[in-house]
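Two complexes come next, and they have one chain in common, chain A, joined by chain B in the first and chain C in the second.
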Partner chain A sequence: MRHSAVEFDSTSRTIMQALGLDLEVVPDWTCCGASPAHMTDHLLAQSLSTRNLRQAATISEELVAPCPACYQREKSAEIEVHADDHLRAEINAIMDAPYTGTVRVYNLPELLLEKVGAETIAGLVKVDLSQLKVVPYYGCLLGRPSELTGEADNEQPMRMDVLLEAVGADVKWWNFKTEYCGASVGVPKKIIQQQLTRKILEQAVAAGADAIVTACPLCHQNLDMRQAQTNAALGTSFDIPVLYLTQVMGLALGFSADEMMLEKHRVDPRPLVKSAIESAVALKAEEERKAAEKAAKAKAKAAADAEKVAQETAPKTTQEATQEAMQEATQEATGAGAGETPGATS
Partner chain B sequence: MRIGVFVCHCGTNIAGTVDSRGIAARAAELKDVVHTEDLLYTCSEPGQSAIQKAIIEKGLTRVVVAACSPHMHEVTFRRTVEGAGLNPFLFEMANIREHCSWIHDDYGLATEKAYEILKMSVAKVRQLEALVPNEVSVNKDVLVIGGGVAGIQTALDLADAGLKVTIVERETTIGGTMARLDKTFPTIDCSACILTPRMVDAAQHENIEIMAYCEVDKVQGYVGNFTVDIRKKAAMVDWVKCIGCEICMQKCPAKAPDVFNVGLAETKAIYIPFPQAVPKRAAIQVEHCRWFQQGKCKVCERVCPADAIDYEQQDEYVQKEFGAIVMATGLDVFPWEQHYHEYGSGNIPDVISGLQYERMLNASGPTSGHVVRPSTQGIKGQEPEEPKTVVFIQCVGSRDESVGRPYCSSVCCMYTAKQAILTKSHAGMDTEVYVFYIDIRATGKGYEEFVKRAQTEFNVKYVRGRVSKLYEDVIDGSRKVMVRGVDTLLGKQVEVAADLVVLASGITAADGAAQLAQKLNISYDEYGFFKESHPKLRPLETNTAGVFLAGACQSPKDIPTAVAQASGTAAKVLGLLSRDKLKTSPQIAIVEQNRCVSCWKCVEVCPFSAPQKQEQRDGTYLSHIIETVCQGCGICVATCPVNCITLKGFTTDAIIDQIEELLLA
Partner chain C sequence: MIRYNAEGAASIRKKLLERVEADVADCYQCGNCTAGCPSAFTFDYMPNQVMRMLQVGMVDEVLSSKSVQLCIQCLTCTARCPRNIDIAGIFEDLKTIAVAQNIDVPEDAATFNRLFLENIAKYGRLTEAMFLVRFNIAAMKPMNDTDLGLPMMSKGKIEVIPRKSKGAGEVGRIYRKAMEKVR
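Now for the complex of A and B:
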């Protein structure tokens, strides 16, 4: 993340800090071995991940892995090692020092929802993103399998949806949240990856989205960096920006396009973001102007009505007052109504 | 005391793992045992004769049979010993099959365990006393809960036999699921044409009372004497005055979702579900009514020619007595939108359920029987489009453990074949029709032939495989539902661009079935289907005496099966109610009142309200258990803090003797 997805790395840190989460990098972490390790040897894979849990345990009980692949491996180790003492012993025998902890692993959306909460985040929104139409793209590993990730459904994960709605973006429904983007076949069989990527881009556009939001560096690379390649190979003309979840959240929280490193993407999202924010501001101003106009009209009408009423009722009031005055006068004359006389009425 | 012990081989069921002959011989050493014998099949005629012969010749006063579970044959052997002049409650059964031979494989250890079980039974039988059943009178009226085709069939059969029947139906009309179907397989005859006359028969039968828009609130009592509280739901319409003219429905300005048409159309806040409704009476859906929601309107009141509208109507409760209850609560369609997100979660308009399609095919349905794409409906200046390619997906909510439904819904293969054929006849033979299936289950009479007709005569293309995803796409300028699946026979992925997709949504128990089961104290499975007393030998009865099952409330069923079962159930009810008196089990709890401390714990725990506070001569109260109400469950016995309640036939002394026999002897 520090190199190929530096904007995800940087913006993740920025918004976590802004949301009051104390972040520290695991000391002496190692590669979790994603793909090569767990496709070769289960014990090796779980050992590599458990070693990271052990390292994390030296500073915290909670570990967040923004990269979904890392998250999957670490979470898998957490679940298996914590439930299986025999496996833990086996791994501990391999490692130079044993892991005895109970570190809980989070993915990024999960951490934000559980530690900060959608309501709190919604309360911190400074920039109106209601004109930014997005579809969340979870890819293969962020939501599935639900037994591991804790999402309610394999096909319709919801955590990014909830966060994007919390920061006020216009989230569109689609059925391609977990569709395979083809990233891992991009090298050996590019055309398959391009066809798969096209399908996702097509569906995002059909769903009415102006941007795709993801929280996975590999998905991002495929949908953004390879978009032009896909266009060239398949004769399509997609021009849809792909943003990181953290970038959208950061924009809503008031960070600038520069701070959110929007210039890093191949499909430049800045014109879209700029126009979405500006049109939201314009819309709001228009609404306010209309509301003010309406209020002014109502006020004018009320004033006119009041004047009308005053004119209609004024003579009557005078008449009544005269009558009252006459009554009082009569009372006084008869000696029955002693005391204060009401002030002069006119 | 002269005890006889009989040990069963049950072929090799027991003798395969237990030395039946050996333990019979060893039992001769036990105190009071004067006769032992091992028998190949004790429940057979020779086996039972052997027991009777021994009772008479050896003068046995107690009998123990070591064989299968008492659930299986206790009643059988009680009759056997009674036939030889012994009181049936001086008999005890040792379960050495389900509790021993079937679950162990070590011959020596299993034999030892079987002998211990037998010893304990001998210890218990010594403590038994002769018991005599009580008799109670029987109410001959029957309650049928649910007015679908099964409930109607049971009610008509019982009413024809002369019994008074009350049908309680929670909707405003009887008819159930069948009333919503268009045609029925495998004969393609009109569902309404065969059902609605039966509905009218039920309504006009002198022995049947239909209580529509009512629910069972509370059930008390026991077989032959149930007391049932029924809630009459407020329809906001006086049904005595209402004439079913539908004028209110035509004039009502408030729209409401049409549940009868499964959301494919809109109805009004005041509604009659369909033209052939029985009873044909209007009801107001309060949550959609302008008067109830906004405090103005009252159009229905103004237009009603019968002056039947009553906005002040409240729920009413009535109490009725019945001798037997038939559960016929039917089914609901699996809510696929909540579980199949890969099929669009209900967000793709041209993806509909089988029941919705049924309404679409129906001439009195929302599209007057025209097959159309829902996405093209209701657009101004445009006729709804007829689909050219229709895809059916089977097993949606059936045979799918990932959505918690491992069972087969049993009707979907057939109704899909029917709908596929009807598609061709409604939308034209040139319509492309595909069916994605796992297996075809067509086991009924004429069913396999029917599916074959769909495939050959109507050229419906059957593809064996699951569909993994549905999504909308634009192909050559027109909007399609893309069906992405696999053809496992070709071993290839397939994709079909469809205009309409129909999901063969499976069957679930009716909403609220489990809660109703709790009110009646009957068992239900994890899906809410009611459990029969025995899957093979007592499929129509529940474990609660006097409560019977009819139709799909027990398990998914098609119409012929539901009707056949409903008539079978009627025969069972008639069998029960043909008697004027019922014998009740004498194995019930009694209170030793001189030790009762009036703590009323027994009153609190009893699920049947058998213990009562009985006033004594000195004005104090002591617990007293009503014999005819007690079911002998023993909860009060275990609860009583001073041990003053005894369960006849299951005394504490006998249980202690059993334990001592096991641990000390």
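Now for the complex of A and C:
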């Protein structure tokens, strides 16, 4: 993440700090082995991941892995190693030093929802993103399998939806949240990645989104950095920005486009973000203007009504007064009949 | 150099196949795994066909198939199997058996995996640009992804000089010890 996903690294740290989370980098962390390790050997994969759990245990009981692939590997190691003493012993035998801890692994959306909460985040929003139309793209490893990730539904993960709605973005509904983007298969077998990337871009546009939001560096690589490659290979002409979840949240919390490193993307999201924020401001101003106009009209109407009422009541009072005066005059004229009602007299 | 240990590999293969066969027996060929598989269009046998082949003992055909190599472990099949079979897990096991058996497999996925692991065994963390160059040479695709070089370079997304991380030595030892056990 220090290089090809430098903006995800940096913005994750920025927003976690802004949300009051005490974050420290795992001392001397190393690669979890990603897919190549678990596709090669189970013990190798679990050992490489457990090494990071051991390193994390020296400073904390909780580990957050922003990259979903790292998360999936570390979580899998957590679950298996903590439940299986035999496997733990086998792993400890090939590591330099044993792991004896019980570190809990979180993914980024999970951590933000559990440790900070959607309501708190919503309360910190400074910039209106209501005009930014987005679709949340989870990819394979943030939702699946739900036994591991803790999402309620394999096919319909919600954590990113909840966070994006909390920061006020216009979240569009679509059916491609958990479709596969191609991940690292873009290197050895491009056609798979290109076909899959195309489908996701196509569906995002069809859902009415102006940007795709992801929390995965590999998804970002395929959807953003390889978008031009995919266009060239398949004769398409997609031009849709892909933002990291942390960037959208940061923008809402009041960080600038530069602080959120929007310039790092190949499909430049800056014009879109700028116009979305500006149109939200303009829309708000327009609404305020309309509301003020309405209020002024209502006030004017109320004043007019009051005047009308005053005018209507005024002649009535005169009439009544005249009637009363006339009645009095009649009564005075009849003299003796005073005190008796006219009906009773006749 | 890791030497191939036929006896060790045979016992690992037996152990894994027992697990695979126990799960595979539950498959009733509904085809849900194939319907949802995003890379099935590149497979020689569809996922449900692989399940059937394993049921009838066509293990060698499966182990040297494109399907096992091109499965990308997205876990869609596992999530959707009505019989609760961990299909992606079975494909993962089949990949590891193919490694343990040193089987000659089609496609470049195995080469990708091996070079990736050799890279982290040396540097501790993946040095992406160097890994890509080595992969392109091994796969004989010299121009692969070179079009990404310039945009990534200009965005400061390429590590020009690879650095070894502190834990690299241990990662190397873990890799060698695990692979010795496998082979």
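In this section, the second predicted complex is superposed on the first by the 310 of 346 C-alpha atoms of A that agree within 3 Å, B and C clash if a C-alpha of one lies under 4 Å from a C-alpha of the other, contacts with A are read in each partner's own complex, and residues count from 1 in each chain.
Criterion: a residue touches a chain if its C-beta (ideal position, glycine included) is under 8 Å from a C-beta of that chain, and two chains touch if they have at least 3 such contacts.
For clarity, every value in this text was computed on a predicted model and none was experimentally measured.
Asks: Looking at A:196, would you say it contacts chain B, chain C, both, or neither? Reply first, second, both or neither.
Replies: A:196: touches chain C, not chain B.
Asks: Which partner does A:256 contact after superposing on A: first (chain B), second (chain C), both, neither?
Replies: Once the two structures are laid over each other on A, A:256 reaches no partner at all.
Asks: State whether A:41 touches chain B only (first), chain C only (second), both chains, or neither.
Replies: So A:41 only meets chain C here.
Asks: Which partner does A:175 reach: the first (chain B), the second (chain C), both, or neither?
Replies: A:175 contacts chain B only, not chain C.
Asks: Tell me which touches more residues of chain A here: chain C or chain B.
Replies: Counting contacted residues of chain A, the larger count belongs to C.
Asks: Have a look at where A:55 lands relative to chain B and chain C in the superposition and call it first, second, both or neither.
Replies: A:55 sits against chain C, while chain B stays out of touch.
Asks: After the superposition on A, what does A:155 contact: first (chain B), second (chain C), both or neither?
Replies: A:155 contacts both chain B and chain C.
Asks: Shared contact residues on chain A for chain B and chain C?
Replies: Overlap of chain B and chain C footprints on chain A: residues 154-155, 179.
Asks: Please name which positions on chain A make contact with chain C in the complex.
Replies: On the chain A side, the touching residues are 2-6, 28-31, 33-44, 47-48, 51, 55, 94-96, 140-141, 144-146, 154-155, 178-180, 182-189, 191-192, 195-196, 225-226, 228-229, 263-266.
Asks: In the complex, go through chain B and note every residue touching chain A.
Replies: Against chain A, chain B makes touches at 340-342, 344-345, 347-348, 469-474.
Asks: What part of chain A is in contact with chain B in the complex they form?
Replies: Checking each residue of chain A against chain B gives 153-156, 173, 175-176, 179, 202-203, 206.
Asks: Write out the stretch or stretches of chain C touching chain A in their complex.
Replies: 38-39, 41-42, 70, 72-76, 78-80, 92, 95-96, 99-100, 107-109, 111-114, 116-117, 120, 124-126, 128, 132, 135, 139, 144-145, 147-148, 151-152, 155-159, 165-168, 170-171, 173-175, 177-179, 181-182
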